[in-house]
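What follows is subunit A paired twice: with subunit B in the first complex and subunit C in the second.
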Partner chain A sequence: MEPATAPNAAGDLAPAPAPATASARVKRKSIPFWRKSLALNLGIIIVAFVFFVGFFPGLIAPYNPNTQNADLMLQAPSAAHILGTDNYGRDILSRVIWATRADLQIGLIGTAIPFVFGTLVGLLAGYYGGVIDQILMRLVDIVVAFPFIVLVIAIIAFLGPGIYNLYMAISLVGWVPYARIIRGEVLVAKNLDYVSAARVLGYSDWRIILRHILPNVLSSSIVYTAADVVFCMLAGASMGFLGLGVQPPTPEWGQAISEGRVFIARAWWLSTFPGFALVFVGTGFSLLGDGLSDLLRTKGR
Partner chain B sequence: MKQLNYIVGRLLQIIPVLFFVTVLIFMMIHLIPGDPAETILGDKATVEQLTILRHQMGLDRPLVEQYLLFLKNLGTLNLGDSFIYHVPVTDLLANRVPVTIALTIMSTIFGALIAFPMGYFAAFNKDRAFDQGVRVWTLIALTMPGFWIALLLMLLFGLKLHWFPVGGLGEGLFGKFYSLILPAFTQALGLSALWTRNLRNNVVDVLRMDYVDFAKSKGLRDRVVIVRHVLRNALISTVTLMAMSFTRMLGGSVITETVFALPGVGKLMVDSIFARDYGIIQAITFIFALLVMVMNLATDISYSFLDPRVKLE
Partner chain C sequence: MAVASIGEQPLVVIKDLYKHFPLKQAILDVIARKPALSVRAVDGVSLVIKQGETLGLVGESGCGKSTLAKAILRLEEPDKGTVLFNGKDITHISRQEFRGHRRHMQMVFQDPYSSLNPRLSVREMLIEAMTVHKVCAPKDAEARVAELMAMVGMNIAAADRFPGEFSGGQRQRLGIARALAVDPLFIIADEPVSALDVSIQAQVINLLQDLQENLHLTLLFVSHDLRVIRHITHRVAVMYLGKVVELAPTQELFERPLHPYTKVLAAAAPVLDPRVRHREYAIEGEPPSPIHIPTGCRFHPRCVRARDICKASEPELQEVAPGRTVACHFWGQ
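What follows is the complex of A and B.
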């Protein structure tokens, strides 16, 4: 319910009639979201570009990423090969472009599975409380007793290297932040009036959890996914670097940096450029995350 | 007295977590697709060899018995010999844990040396060029992969300028310290960005507080206001964040040690993966978990002295 008197533009209380509040509301709505946050705009542009490159690398890459050429080994950057060539004579720019697919995939899948699983855990722990909450939160304590990367490496060590085991490892470890964020929000939301009302109406627990609570507790964990994409991508690249992630010849940035390591003294371009790609994509998602949280904060005020 | 209760309670809380951590690490051996003994020995192993190894690993016994054996070996530090170095794992770890801890401490000090002045000056120059520059830097620094930074630093300061060794651990105390500078700096860069951002925002928030205005209006000198009222309050939350970053720093050491060929536990873990030395991987995973738990305990206890209001959950 709107109060009968609302502060007007000057900030003092005046007996403002209903139209004034209405117009104030219209005015606030009329600021489009893209004018609110520069970070969000930049983030959206970069992320959209990265998605385009990831889906259609063939349209942009000047050469086939796997074509080897013994005459063109370890060529420095030139007009024909802007970022140079590697030890097999493959075009680095093309490999960096094609690798977008693998790294973006790791970032997205490595975020999506833990997001769903962690959200579910958080909902159950927060809503039911009691023994279920105790058990699930002790599970959280166990996972956070390990450094993230150490647990991922240990799991891959036993499962064996490769992309699917990487997803498995990240999924087993990465759900914890989501469970914590969602649980905290559910603890607040479940005591709000609309949830009590739904309970009085005799709705089932699942209907209350999914239709009434879930939509109202998701926003902060959605903001967190942007940072998580960067985090998973870096973890995936680290595994590629250690030889535990994406296996050659599939191009992947971390693995490319590792391959260039041997030649770092005479051919710096092998390891340098894939790293810039990681930083570029990471910055894009970070900006998107910062922008989303800006937006959420202005919405809250 | 209240602190003592808190400390005892907090110690008791660790026991169940420690138990399940060992269960989890124990179960990892069963993640190996197929038969662990076959995976370790390869295709050419004879049936006798397999049976002997299965017996040695205790795989022919019931699961509970296997777990108790694992626990006993872990507790008595009877971890067998390393496949790679052919020396007892315990001796190997005793030499390597200090390297990892030294690297982590040095990284934390470097990180603080970078983050404190940067965050502080950014807050006092809010929205001016320096602050904007710091903002862009922290955004980018947080996305830089550690192994990539390590290679670039190695290329610049090791191979081109010859200021620092390219890898390995030096001789003597100074040599060791000297060879850890570049790796520690690598680790410090990413985390210092996180800390800089945090400190800047804290200082900005504290500067808005009434007690700062009050301190100024009392006629205190600027330096006193800043050191006693602003910095002290802003640093509490940043130092907590730094303690929490310890876990990430330890995780990062696995990669940093591998790139710089430092003989720490992280590098041993990676080497053991390729040697299929599962016992060492389990032992190291346990050591990492133990270090994290001890550090969290230390943080919580020191916090209970700083802020007597904290309670057990």
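What follows is the complex of A and C.
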């Protein structure tokens, strides 16, 4: 909180101190949010770029990602193929760009479904407590007892490989952190006086939960979603690498890294560039998450 | 609807109300069959609140005032006992059924910083209360928001702002407006000014007093501040360790306190008169823990007049003069 207000605290000294709180509030508002946090700026730029690439890969990619060319196998990066070609002669830049779509989709869907489901579980467990809380939290303990990736692999092994089963597996495991975060916040919020006031006013439980508690407990789990998008993309890429996720020929980074593994001594570019793409996107979402948490923390209540 | 003057009609009748909070026991104590301990916050309170009056509830911190207030409105479910509202039992009906009655009894909370939902604007907050209970036709809602804001002395222009933009005193006014939005008969004000600056306290107190008179509200005013109690209430109930020890009209209570605890309280209140310097006596010791309540009269360890009988038997509340009840073996001395 302090570092963020430091620059305008200095600025406050210049004008005659009018009512202190009022001027501080005006000052704080007048600083646009994008000047407060470098992490947030970078994060937004990178994520916006990734979204653009993910939605319109055709506009950017120089070649069709699936066009094979036996004459151009394993070409090193050159002017015609900036990132080189793979063992089927496909342009790697185009495949990396088209893969953004699959990986972004895994990241977003793999975050959105658990976010909704976990939030619901957390709200119910925290608000009602008692037996409902015990049952739901024991379920959480069971899921937490297994490492994330191991559980995802186990579920996919059971359901069979493929993108929809991947979503299913991530959803079955990924709701747990949201349930825990939300439950903790609800336990605090439900004892605040405005919730008591809502009960005294005779509001229904659903109205209290959705209108009076939910909006006040969401901020930390929204911050968590930024990190979760990265987790899910990495999980998706890992499954691709193991051949359990997105199936060829649809381009996907993890699967591309895996395919290039065989040629790593002769043609390093096959695995390296999809790897860089993953790091780049991961960094973008992490920065966005950090920046968001800074922003929500300074904003306060 | 209500009577203009203070009627003798009871609006809220509290009969022998109990609320204990059990303490967590260590597993070894459970095995050893040690008796389970509990905090006896409200330990058998009977009280009648008459229509149109302001009843003060006063006592030290931790004596169970707030718990009693919450138990009446079932924010804490009472363990035992009954609350009658307008003659109807509201403790032994389902929560669902009780929700329909809630609009008649409202509460103003102590901490104005946590009592307003930070994500709702003032207008949204008031309209929500009105629409849930269908207090007025939807087309009249806007007019009623303006009316409520005027009632609590706020500018209607403030209706689109959020709680974070208001000061403590303003927030407390908004809390009062929210309570009034559903047109209640009975309001419990739980230490409504103790979190405010002294300069603001008087404004909010006067506002509550005016509203009580103009709207013929019945008010239960919980406070530890005797000056405020003396100013605003018609009758006062003094609570000590979960029980009412004295009940009297305000004027009489302050002029001639009967229970030794009331005497100490009244003497301990700061007097705003520079000529009055001495104090008769100060209370000794901390209040005993509400977990281990003393036998006999619960006040005897701190009482200057305590005798053997006080340790042995607990005095009942007895009516000693019209409208005055006290629980003390030696009230006449």
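The definition used in the following text is that the second predicted complex is superposed on the first by the 279 of 301 C-alpha atoms of A that agree within 3 Å, B and C clash if a C-alpha of one lies under 4 Å from a C-alpha of the other, contacts with A are read in each partner's own complex, and residues count from 1 in each chain.
Criterion: contacts are C-beta pairs under 8 Å (C-beta built on N, C-alpha and C of every residue); 3 or more make two chains touch, one makes a residue touch a chain.
What you see is a predicted model, and the numbers here were worked out from it, not measured in a lab.
Q: Which term applies to subunit B and subunit C once both are placed on subunit A by superposition, clash or fit?
A: fit
Q: Looking at A:Ser196, would you say it contacts subunit B, subunit C, both, or neither? Reply first, second, both or neither.
A: second
Q: Applying the document's definition of touch, where does A:His212 land relative to subunit B and subunit C: first, second, both, or neither?
A: Second partner only, subunit C.
Q: Who touches more of subunit A, subunit B or subunit C?
A: Looking at subunit A, the partner in contact with more of its residues is B.
Q: Applying the touch criterion given at the start, work out whether A:Ile153 contacts subunit B, subunit C, both or neither, answering first, second, both or neither.
A: After superposition on chain A, A:Ile153 lies in contact with subunit B alone.
Q: Classify the contacts of A:Ile142 with the two partner chains as first (subunit B alone), second (subunit C alone), both, or neither.
A: First partner only.
Q: Should A:Val230 be classified as contacting the first partner (subunit B), the second (subunit C), both, or neither?
A: First partner only, subunit B.
Q: Here's one for you: vertex at subunit A, rays to subunit B and subunit C, all C-alpha centres; what's the angle to the nearest 10 degrees?
A: That angle rounds to 100 degrees.
Q: If you've got the overlay open, could you tell me the nearest Cα approach between subunit B and subunit C in whole angstrom?
A: Comparing every C-alpha of subunit B with every C-alpha of subunit C, the smallest gap is 9 Å.
Q: In the superposed view, which residues of subunit A touch subunit B and also subunit C?
A: Shared contact residues on subunit A: none.
Q: Using the touch rule from the top, collect the residues of subunit A that touch subunit B in their complex.
A: Spelled out, the residues of subunit A in touch with subunit B are 138, 141-142, 144-151, 153-160, 230, 234, 237-238, 241-244, 254, 257-258, 260-261, 264-265, 268, 271-272, 274-275, 278-279, 281-283, 286-287, 290.
Q: Along subunit B, where are the residues that touch subunit A in the complex?
A: 16-17, 20-21, 24-25, 28-29, 31-33, 139-140, 142-148, 151-152, 154-155, 159, 247-248, 250-252, 254-255, 258-259, 269-270, 272-274, 278, 281-282, 284-285, 288-289, 292-293
Q: Enumerate the contact residues on subunit A facing subunit C in the complex.
A: 25, 192-194, 196-204, 207, 211-212, 215-216, 301
Q: Contact residues on subunit C for subunit A in the complex?
A: So the residues of subunit C touching subunit A come out as 70, 73, 75, 98-103, 105-107, 109-111, 114-120, 128-129, 132-133, 164-165, 175, 178, 182.
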